[in-house]
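This report concerns only the one structure given below.
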Amino acid sequence: MIPEVGIIMGSDSDLAVMKAAGDLLNEFGIPFELTVVSAHRTPARMVEYASTARDRGLKLIIAGAGGAAHLPGMIASITSLPVIGVPIKSSNSMDGWDSVLSILQMPNGIPVATVALNGAKNAGILAATILGAYDKKIGDLVVAYKKNLEVEVLTTVEKLKRDGWTNMFDHSS
Amino acid sequence: MIPEVGIIMGSDSDLAVMKAAGDLLNEFGIPFELTVVSAHRTPARMVEYASTARDRGLKLIIAGAGGAAHLPGMIASITSLPVIGVPIKSSNSMDGWDSVLSILQMPNGIPVATVALNGAKNAGILAATILGAYDKKIGDLVVAYKKNLEVEVLTTVEKLKRDGWTNMFDHSS
Amino acid sequence: MIPEVGIIMGSDSDLAVMKAAGDLLNEFGIPFELTVVSAHRTPARMVEYASTARDRGLKLIIAGAGGAAHLPGMIASITSLPVIGVPIKSSNSMDGWDSVLSILQMPNGIPVATVALNGAKNAGILAATILGAYDKKIGDLVVAYKKNLEVEVLTTVEKLKRDGWTNMFDHSS
Amino acid sequence: MIPEVGIIMGSDSDLAVMKAAGDLLNEFGIPFELTVVSAHRTPARMVEYASTARDRGLKLIIAGAGGAAHLPGMIASITSLPVIGVPIKSSNSMDGWDSVLSILQMPNGIPVATVALNGAKNAGILAATILGAYDKKIGDLVVAYKKNLEVEVLTTVEKLKRDGWTNMFDHSS
Amino acid sequence: MIPEVGIIMGSDSDLAVMKAAGDLLNEFGIPFELTVVSAHRTPARMVEYASTARDRGLKLIIAGAGGAAHLPGMIASITSLPVIGVPIKSSNSMDGWDSVLSILQMPNGIPVATVALNGAKNAGILAATILGAYDKKIGDLVVAYKKNLEVEVLTTVEKLKRDGWTNMFDHSS
Amino acid sequence: MIPEVGIIMGSDSDLAVMKAAGDLLNEFGIPFELTVVSAHRTPARMVEYASTARDRGLKLIIAGAGGAAHLPGMIASITSLPVIGVPIKSSNSMDGWDSVLSILQMPNGIPVATVALNGAKNAGILAATILGAYDKKIGDLVVAYKKNLEVEVLTTVEKLKRDGWTNMFDHSS
Amino acid sequence: MIPEVGIIMGSDSDLAVMKAAGDLLNEFGIPFELTVVSAHRTPARMVEYASTARDRGLKLIIAGAGGAAHLPGMIASITSLPVIGVPIKSSNSMDGWDSVLSILQMPNGIPVATVALNGAKNAGILAATILGAYDKKIGDLVVAYKKNLEVEVLTTVEKLKRDGWTNMFDHSS
Amino acid sequence: MIPEVGIIMGSDSDLAVMKAAGDLLNEFGIPFELTVVSAHRTPARMVEYASTARDRGLKLIIAGAGGAAHLPGMIASITSLPVIGVPIKSSNSMDGWDSVLSILQMPNGIPVATVALNGAKNAGILAATILGAYDKKIGDLVVAYKKNLEVEVLTTVEKLKRDGWTNMFDHSS
């Protein structure tokens, strides 16, 4: 199937975080591609990737990076597709603030849809939500997904009521 | 025309920032509605707004708020549409950090597509980009918009070359 | 006994922190209920919980949440009872700043009585202090509790004087 | 009338911020006293004020201070009444962070109910909410106050709908 | 011998950090007392300690505390002796920022001589330096102490030159 | 008279802040010298100043600097006198954080007695307090100074009681 | 003359800050070019600029940008010349932290030589220092420049000694 | 061979971080010296080192330090060679912010070329880049180094394509 979403990251060390986006899209049955594109080490590949994305049929791009994270913003500067940015808390980062601010604080004209630090799973859900705004089937899956979040909490609530919170806590530790 | 985008904000004092989103959507010819919905002062209205948004034909929602900014996240928890969050630097805020973190750091399951502090214009562009992923006419306008950004810079470059940067600076001050 | 205090939290993973509030209320003999209410995953349950709290006899609500912590503020927007907010330092949070600012920086009209990061025990003591302002029996327990804090320190002081600080330190390590 | 609430602050320069708490209590008809008590310049007065507060009939204390703000915490260490702390952004402060952290991050055993930076109005509302948990008349006023917040927003919503947001914005600037 | 320096801390859990101050004073042969004084749990003891310090012959006080650290500033508000404050990074603190700002940002009139986070050793050296400004014997020890710091570095420099840095690094890991 | 205190600063633009230290020492009748010593622009002068300070009769040094503020720490590395550091919030600084951290976070062995941001007045008081630990006349002045702080607050308290806080506030604005 | 240094910036609004780099290079007689290159709005021009820089004879590039500042890092990823980055505090930035971290925290392999916030003048001096490491004439100018900084301070020192600091301060205000 | 680069650090405990700079220079075949120079413990040695550096043939200096890191800036104040500063995240630092700001925020006239927190490897690459601007052989090695970074990423890309990201992730954990 032709991928609708591109998941890219600055380094394969980001894969431990970014795989949650892929898992989520698999769960929603949304075809995607996943690869490494480094703004700093492979700038030519980055330009190529971003400038051909729309014509290759992608509907949006999820880009994750740590530190001085330039990948999401640079991709957004080249493509006209929506770009979801995932700040990654890498080693030697300033506790993640560098990555968050490098992705979030884009200048007027070139937005990046930023999610929480290490929020690759939410990037996947946001992608599904965006696709679901037009694609009724995916939209219904998003509704079901949110419904399920609610059901899981309500199940926990029942369990707490039945077992008591002191017991529950003892078991979980 | 039926609005495709809902622009909401926590208070009419946010209008000075959020109008940039409306102006941008007007520029792209995207029909939208704009109103005040306060998570904290009108929680019932907020639930009503979010839970009917999809059926009223909206494709996405832009929500701006300052301080402990709960509006974008709460809207995202109720609707299955994509929500773009605009952190606003209000008076007595902690330099905007409160608003940024309250919108960005959403838990797994409920993403908000966050843009830069006071980035209402970028929220409008992101909305156009998202709609443009499916709607070729809007997609072409996004391409043209980005092309125009480039042209504007190149015009400045020519002006700098012609007049010299010392003159340019003197004129602009 | 009818609960006077409601302890709620956004997720059962918060229980490891929030149980300290329950333990404290048990110590003071204040009846309470404890359950999970998620602003983002169970918004309907949250509205229901907050809007019925006063009529069910609750005198105040302790709400703990991490990240973009909307639960305390949203509960406060719906109920007219006092709400004590407990910021929780969850994994992938921005070192707890997100949770603190999301709870503390509420707009005019909708205060949340915020305690320290992970300060669930203090939330319990604050609840006892508030109830004790009207209920002489609880008020006396608060006085005794504070007296006991003093006694504990004075006991340590005696021990330090008797054993010497070098010995004490050696034993405690 | 015997004051039920004590409003204190570290310096008369804090009055510009703290008067909002007094105005709010006046609006609710709650009797209060307002004075200056400095933890650092009048420690004896501070001890006297806090240790007699309960016997003088106070139900709670609102304490505001800036910089290394020790007043709320020290009052809380001496009295068994609930203490609401108001961080104040004073000149030469570290953008208010010093005041917020000095009041919020109290150790186990001695909580301060902290409100937002410069949130004196919210301190007044929180006081009314706490008193209203036991005093039905005040409780009803809190309900009415929150209802009124909602009505004000809905009035703005109507005005926006009638006049259009572009006009509204033009008039307000 | 009559103590010239008082070392106090808010809790015996601070002893692991604060003992470095005692060790340093022992090294300089400066008589001192060391005990626990809690601003929040033993306010009466704190007032007693501070108000008698000068008459008991103390020349200065070293006070360490974590979180919303009020002990150094409150001691400074009561005594006319110099107070050295040691911010301590305790568990659940906001990465130490709370302690640093609570001690450093004292208002005009009541200074605290603040040292680095967990800088108890430096508090001891600063105490010796202050006493050494008047007491020639201690002053000479301070000079010798600083000379020794230099000698230690120069010894390392020789070792590096002799063994080579690659070997040195291998041996130290 | 031979100066007992040296007040130095990195630039004459710091004089607007640092003069408060001179004014305070004048008020206490403590002889001092005041000059500009730049760690970065006059390193030789800095070494000279610090290495001769003790022999010239100085008892302590107050050093103020902004940005990457190296002056207080470098002076402390060379002299065996106590050094009080004043962080200054200069233009283009990172809101004063750079100056605070550059002065406060000195390594083991070389403490700087740091006061609040722009706290030159407190640096003067701290100097008087340190000198007053040995010099009874200055010690008594410190006691009187602190007493006077108390009297000023109590006068304000009387004024507030007499005139009412609403009037007071109206007059002060 | 063939430019040896390229000064570029993301927008002509950065010229007010960046002109200080040009002025400094003029003062040193170092030929340079100055223009606008936007990473986000003119990515193709950026790639072109960086990839031809070395062959056009440039020895180094000074790049300034604000917010999510990607220009210096992207230039450094494409060229093999040294890149000096100037963080700019633009409106709506997070107090400059975004720009500082986006430029400083580059990943392994692609360094940017970062100077202080708005430090365009220092970027110019750093450029002269780098060129002066090889070019004796420029190196001598750097030595003279630093000597002059010292002379200016010493002149101020003399003026302070002659006129007194109280007079000096009065004149400067 | 005569060293062209001096690598210095404030303490031998910094060697674990700073060795990466030495390894990199070895890789590029650039002769260097490596030693410990402490601004605070060996100020005389620091002055000596910096003032003789140019005449000993060094072309630039890499200086690493943690906490209140004064070494890079002080070296830059004395020598006319370019200085690359490496902020080090040492124990008891404020999460590295102290070191970053102490090195980065240098005043006008005395720049330090700052690299990322713990970025010693990048300091080495930056040194090679600076030397390579004049020395064609080193310049060609920098080009090759960057080319190799690209090749490594492209190899990872191929591996990801061949093995699939789910497999890759399983193998790397």
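As written, the chain order gives the labels A, B, C, D, E, F, G and H, with residue 1 at the start of each chain.
Convention: contacts are C-beta pairs under 8 Å (C-beta built on N, C-alpha and C of every residue); 3 or more make two chains touch, one makes a residue touch a chain.
Since we're looking at a predicted model, the values are computed, not measured.
Peer 1: From the options B-C, A-C or C-D, choose the one that repeats interface G-H, i.e. more than half of its residue-numbered contact pairs are shared.
Peer 2: It is C-D that repeats the G-H interface.
Peer 1: By the contact definition above, name the pair with the higher C-beta contact count: F-H or C-E.
Peer 2: Between F-H and C-E, the larger count of C-beta pairs in contact belongs to F-H.
Peer 1: List the centre-to-centre spacing of chain D and chain E in whole Å, with centres computed as mean CA coordinates.
Peer 2: 36
Peer 1: Determine the centre-to-centre distance between chain F and chain G, using the mean Cα coordinates as centres, and give it in whole Å.
Peer 2: From the centre of chain F to the centre of chain G is 33 Å.
Peer 1: Compute the distance, rounded to whole Å, between the mean C-alpha positions of chain A and chain E.
Peer 2: 47
Peer 1: With chain centres defined as C-alpha means, what is the inter-centre distance between chain E and chain G in Å?
Peer 2: The mean C-alpha positions of chain E and chain G differ by 41 Å.
Peer 1: Residues of chain F that contact two or more other chains, please.
Peer 2: 11, 40-41, 67-68, 77, 93-95, 97, 100, 104-107, 109-110, 116-117, 119, 146, 149
Peer 1: Applying that definition of touch, give me each pair of chains that meets it.
Peer 2: Those chain pairs satisfying the definition are A-B, A-C, A-G, A-H, B-C, B-D, B-G, C-D, C-E, D-E, D-F, E-F, E-H, F-G, F-H, G-H.
Peer 1: Show me the residue ranges of chain G that touch chain H in the complex, using the header's touch definition.
Peer 2: The touching residues are 54, 59-60, 77, 80-82, 84, 100, 104-117, 119, 121-123, 125-126, 129-130, 132-134, 139, 142-143, 145-146, 149.
Peer 1: Using the touch definition from the top, list the residues of chain E that touch chain D in their complex.
Peer 2: Residue list for chain E touching chain D: 10-11, 39-41, 43, 47, 66-68, 70, 73-74, 76-78, 93-94, 97-98, 101-107, 109-110.
Peer 1: Which chain G residues qualify as touching chain F in the complex?
Peer 2: Its residues touching chain F are 89, 95-97, 100, 116-119, 146, 149-150, 152-154, 156-157, 160-161, 165-166, 168-169, 172-173.
Peer 1: Please name which positions on chain E make contact with chain C in the complex.
Peer 2: Within the complex, chain E contacts chain C at residues 11-12, 15-16, 19, 22, 34-36, 38, 40-42, 44-45, 67-68, 92-95.
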